[in-house]
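In what comes next, chain A is part of two complexes: it sits with chain B in the first one and with chain C in the second one.
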Partner chain A sequence: MVSPQTSPIEADARATGQRLINQWLASLGTARERGQPVAYVFVMGNAIEILQSFGFALVFPEINSLQTGVRKAAPDFLAKAEDFGFSPDVCSYVKADVGLMLSNMQHPSGVRMPPPDLAIASNLCNVYIKWAEIWERHFGTPAFVLDIPGKRHAEWRSAPDSATRIADTRWVEGQFRDLIAQCEAITGQRFDPDRLAEIEVNVNEMLRLWIEILAFNRSRPSPYNAMLDGLTYMGVLNAYRGTREGVEFMRLLYAEVADKVARGEGRVSNERFRLIFSGTPCYVNLRRMIELFESHGGVFAAADYLTYAAGGLDSAGLFYDPSRPVESLAEVSTLAAQMGLSNHFFSHHTLAQQVKDYAADGLVYHGIKSCRTVATSMADNREYLTSRYGLPTLYIESDLIDPRYWSDAQIKNRVDAFFEVLEQRTLLAKRG
Partner chain B sequence: MLTTVESSMISVLERCFELAYADMPEEGQEEDQLGVIGYFPVYFPEEIVHAAGLRPHALLGGGSTTEVRLADARIGSFVCSICHSTTELGLNGTLRPMMGFFAQPICDAAKHMVGIWGRNFPQQPSQLLALPQNANSAAAVRYVYDEYQRLCSVVAEWTGREITDEAVRASIHIYNENRRLQRELTSMKRDEPARVSTAEAYLLIRAGARLRKEQHTALLREALDTLRERPVRPRDKPRVVFLGGFCEQPPLGMIEVIEDTCFIVADDLLLGQRWITEDVPEEGDPIWALAESYIERSASSPVQYDARKPKEGMLMHMLQEARAEAVILAAAKFCEPGLDDQLALSRHLDAQKIPCLVLEFEEKMTSFEQMAMQVETFAESLLFR
Partner chain C sequence: MEYVAGIDSGSTQAKGVILDEHGSLVGQAILNMERNMSTAAEEVFHLALADAQRRPEEIAFTVATGYGRYRVTFGDLQVTEISCHARGALAEFPATHTVLDIGGQDTKAIRIGDAGEVTDFAMNDKCAAGTGRFLGAASFALELPLSELGSLAMQATAPVKITTTCTVFAESEIIGHLAKGHRPEDVLMGMHHAIATRCASLVRRVGLASEVTFTGGVSRNVAMVTLLQEVLGTPLNVSARAQFMGALGAGLYALDQVRAGRRSAHSQEQEVVL
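What follows is the complex of A and B.
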């Protein structure tokens, strides 16, 4: 473990992270010129390590879509998709991507996104599969559907030597071997297990640091906002997973965050309330949403998004064993799916634990109109936690990137009212 | 004056209607003495529950008769009606007699049903039966086999009854017979749509979701015998394929409105009851036979990825086999997989110059005037092509 320093470190991990993401996006635009094969992957369930071992350039269509929101270009892309015939009720990420396809792959970042040679769609969000079917038809690209069995119910725990864990892991490993064969056919290269092992060593290091970075936010004050700074950190974790640059970034980030903790520097100068965020960001109004909370001294100390949108590896409690690269990839992926990536449906226990671990004063749910994966039973989850634990909770609703669903006045009113409740509770607690 | 044949048919259909739309038969009813395990759409290997001596209960939504009051506060407004109404049936106590609840990962909303069930009905065990979305790996049958073995253990734990291979084999035999009769009914409807309407066939099949299979087989046999006797008045209506009924069910009124002007000669209504398309082998390991049948002897749907069954190809095959000239593409409101497929298929049909009508529905609809006009206009356009 790197020892925290007592003087401020000059490097700014967030700015570095943004630079790295822009660099990576730019590199995708020249992948074809470099003769690099291209794979489309999603943040949940993706076999990145295998693809990296074959030298694929990795395009994350979810990141492409969220960037259309961040860069305020989403309405045009969404309109193109809806004019094409997509229902308003379909996921806005999918529609933004369709808009990109209909715009000759010209992305608002300035990059012309390359078409895929291969698309990996996991079952961890069923929309991924429907999305990959769109690519099959638009690009003629084969879809590889990766099925990773998730939790079967909220109390699900499968012991390592249980029949189910063995069966689930065997299934995932079988599919990884199918994927390896497909990658060999596409690239003309033989699979190199040593290369996979090297990548896994890098992922292990990134993951070790990421787990510590997530835990640093248990400090009071929290050194970063999980739903602002955390998103940049996570973006690098995804795009650079398994790379030396990724390891270096995570070390830089770790040192910066550790230093802030040592000096007692918080994200919010006057941290009054610590909150847990459940759901996805509203990328089109990211800063505005955070400002609504930070203006009351509220900081998001933790967010389930930083687990499920980062591969879920921090939830698995396992690191890769590079001496058995394919087998351990299957073991870790299966556990990550069960403990982190399929948790949307059963997140009440995890959220309750996070409230304790981060000494949170309240929980904020952000329901997304076009994301049934995240938001279908959020209201029920909220009802459960509120009635069981008496926890102050807030439910706000908008969308990932569709600005039509952001109602500023309504959201602000709800946020302000939530903080009034938190203030009242603080006053009553002081009076004993 | 009604003939004996017609009276007999009406009597069967009335019984079917009662069964088909009963959310849960009354407690103490003979069929359910042994216990009921409920499952959310689409497909569930009922034979395994049947072999445990229980009745598998297909949850098909609350339709237009369930007033949703409690569930709307638990589930997002942008989620399909069947999730709302099924949750409502849980919250209002209708589904209390179930011994347990399963859902399958057909879509993200369905996966949430298990979370909702676990939080609200902890006394009624609930689980996901993790059927795979990858049907194309050589390892898939083995995985389904393992998951079905797990199902056997879970049902045995819930009921205190071991499920033997012999019992499963016997159940497969019973279900095979039932499926053959369903296929016979479907073929009759396709070849002689004036002899049996889709609404009638629908009631006959849906009643099976509320009966032990043996009883349903007896009912189907009686219905088929009666139908063969039925005099047929030839009618000239366009032959259409109807897609969109694989999960949330369109109201019977909607089917009837379509049939006023069209013959629905092929459809995906109640697909879960018809998922297995051939006999499941009755020799060898019965759990393996069921697992293999899930992958190799099955239909296709928007919620099961299978690279061997591209949706356009499957639809064209359906059209050809049914000698249909047009397609009605329906989708349940807020059903993301249904809406995605609706668009892809309508574009394909346009490119092939095959007429199609795109409709949206909800199980709770009670008024069909506008839909009737759309369908009538569509049917007329087909007649005058």
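What follows is the complex of A and C.
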């Protein structure tokens, strides 16, 4: 399993989350000594429940990369990849990972990351497959590429029992059966459907709690900042998905957040503006970014990132049916992919809904310089929400982990101006 | 009579205005930002005071704006140039619903609501393409004063199609076209067109609504005004004091503070009330 040992969980969920993440990273460094097989997976479209049922240690290269940003070590890793020949325009997560490979896998967390026995890629992000090919060449280990169909209709989810739903689920299930055979060959173990069902029960419980935890932030004041505390929570959601520790963590977090709501305790002592964040965060200047908003009394009550970036887990209420574990995993993975892949076509509706649900005063878009894909539809989205709902919005741009794209004076200027807009509106509303 | 000051500490120039208690502009000054930001702001403040024939102690409140707003050590309150340009433009042209400001490093499009409030804004990101710096590079490459670029461009007969608006590569782009035998006015007109197209797209991002007021130093450039009117398909308001719009807006915000009973107190933290 992911984490072989955990000490008793303490009272503060964020500190616990950070400790769990560090513990998980450390456990990856000793996986080989324990004789544990290692799989590389992405956060979206990964079938990790199957891998967990075989006892694989899971390395998330995206998390390794973002951690180079959090630990202020990204420039060295990015430079190594660029010196090697990667263009500065290439996804900074890919470059940080290449930098890690060129650094003998010595990660800034102090952990020497193990090479994979198996890597899973999918079509959920347009660099995943090429990225997995880099692993294949570097480590000489196979990449298993999942093809999970998307959907391009106004209604993102295919109807239950529809021909599309049945065909797509069968298509993905077939691939999962192939993956299972490959896992059996690598580990020398027989597939245990009961073990998979057990993992799915845990995922369901984590998901049920997560949906409620997200909903708690509708309270005024918001008990946590979706783009600071929320990111730690999501890290645990990824790394401990389907585990007993993951369920325990979510229970602790639920209790803590419920308690804060009952006491009326907010993340920001003087909450003035409730905001929604759209896009991926800037991990290299995360604290600074949050400080720029919180200094004006602005808190991120919700973020679309928290609803789509945790693999099959999202807030759309997709639960597994453990009585048919492989088929259900295929069906949920398909639906999650449909949601992710067609997100560009309906995100304005989901964001408008979040604005309503969280009683938001404004929305902040964060474009990523080294990934234009995630910024797709932001301009249309912004126009829709501004013209249709008169909602104040702000577009800022930097990067996932590349500090060269963080221009503090420019970003501060835009954030200050955004709050001046919000203040003006408040004043006008008071005047009637 | 009480007076207020508005200081716009920009990337290329510092601008200062002095307003009387009725909001009338009684003094103004402009300085190239060739020195320390704090001292340039102070210098421009004293020049504006001298222009208004007032003494520093007669200034009841000072608002600073622009990238250097936090470096204006005598500023009582900082307001971004987005709010200030909107405010200044509205003071000059009350029916303004869109402001386009082309400054030295930033180009911004600002949308204004019916109550005079800023409803949206868009700015160039990470790149000074389509800003005043691009013209600065042209002036350097052609060895012509900045103030003559616009009128020379207007003499173009066969404008060159310029494909890049990269400020860093502007010089080599110009030299390349000149080497091919194009006339400087035709190259210049091509450059102006490239900037105008880029700025127009920024305006469309916030939604074009008339009247449109063009502010900032580049609005003194006749070719840019002509081209923007053409590309946007609407006439543009251009004030004779277009460069001072940010400082004027800052001065008007200072006046709000005085009217609300606040007075300059550098040691005291002021609550931002716009």
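In this text, the second predicted complex is superposed on the first by the 407 of 432 C-alpha atoms of A that agree within 3 Å, B and C clash if a C-alpha of one lies under 4 Å from a C-alpha of the other, contacts with A are read in each partner's own complex, and residues count from 1 in each chain.
Convention: contacts are C-beta pairs under 8 Å (C-beta built on N, C-alpha and C of every residue); 3 or more make two chains touch, one makes a residue touch a chain.
Remember, it's a predicted structure, so these values are computed and weren't measured experimentally.
For the composite obtained by overlaying on chain A, chain B and chain C can both be accommodated side by side without a clash.
Legend: residue contacts after superposition of the two complexes on their common chain; A:149 is shown touching chain B, with no touch to chain C. Between chain B and chain C, more residues of chain A are touched by B. Applying the stated contact rule after C-alpha superposition, one finds that A:407 touches chain C and leaves chain B untouched. Within the superposed three-chain model, A:194 lies out of touch with both chain B and chain C [touch as defined at top].
In the superposition on chain A, no contact is made by A:184 with either chain B or chain C. Within the superposed three-chain model, A:265 lies out of touch with both chain B and chain C [touch as defined at top]. In the superposition on chain A, contact of A:395 is made with chain C only, not with chain B.
By the document's definition of touching, of the two partners only chain B reaches A:163; chain C does not. In the superposition on chain A, A:127 makes contact with chain B only, while chain C stays out of contact range.
With both structures placed on the common chain, the touch criterion links A:369 to chain B and to chain C. With chain A used as the common frame, chain B approaches chain C to a shortest CA-CA distance of 6 Å.
The residues of chain A shared by its contacts with chain B and with chain C are 367, 369, 379, 383. Residue ranges on chain C touching chain A, taken from their complex, read 67, 78-83, 115, 117-123, 125-126, 205, 207, 272-274. On the side of chain B, the complex with chain A involves touching residues 73-76, 78-79, 83, 105-109, 111-112, 114-116, 118-120, 125-130, 132-134, 136-140, 142-143, 146-147, 149-150, 302-303, 305, 307, 310-311, 333-334, 336-337, 339-341, 343-344, 346-347. Chain A meets chain C in the complex at residues 367, 369, 379, 383, 386-387, 390, 392-393, 395, 397, 405, 407, 409-410, 413-414, 416-417, 420-421, 423-425, 427-428. Residue ranges of chain A in contact with chain B, taken from their complex: 84-87, 89-91, 94, 123, 125-127, 129-130, 133-134, 136-137, 142-143, 145-147, 149-155, 163-164, 167-168, 170-171, 174-175, 178, 342, 344-348, 367, 369-370, 372-373, 375-381, 383-384.
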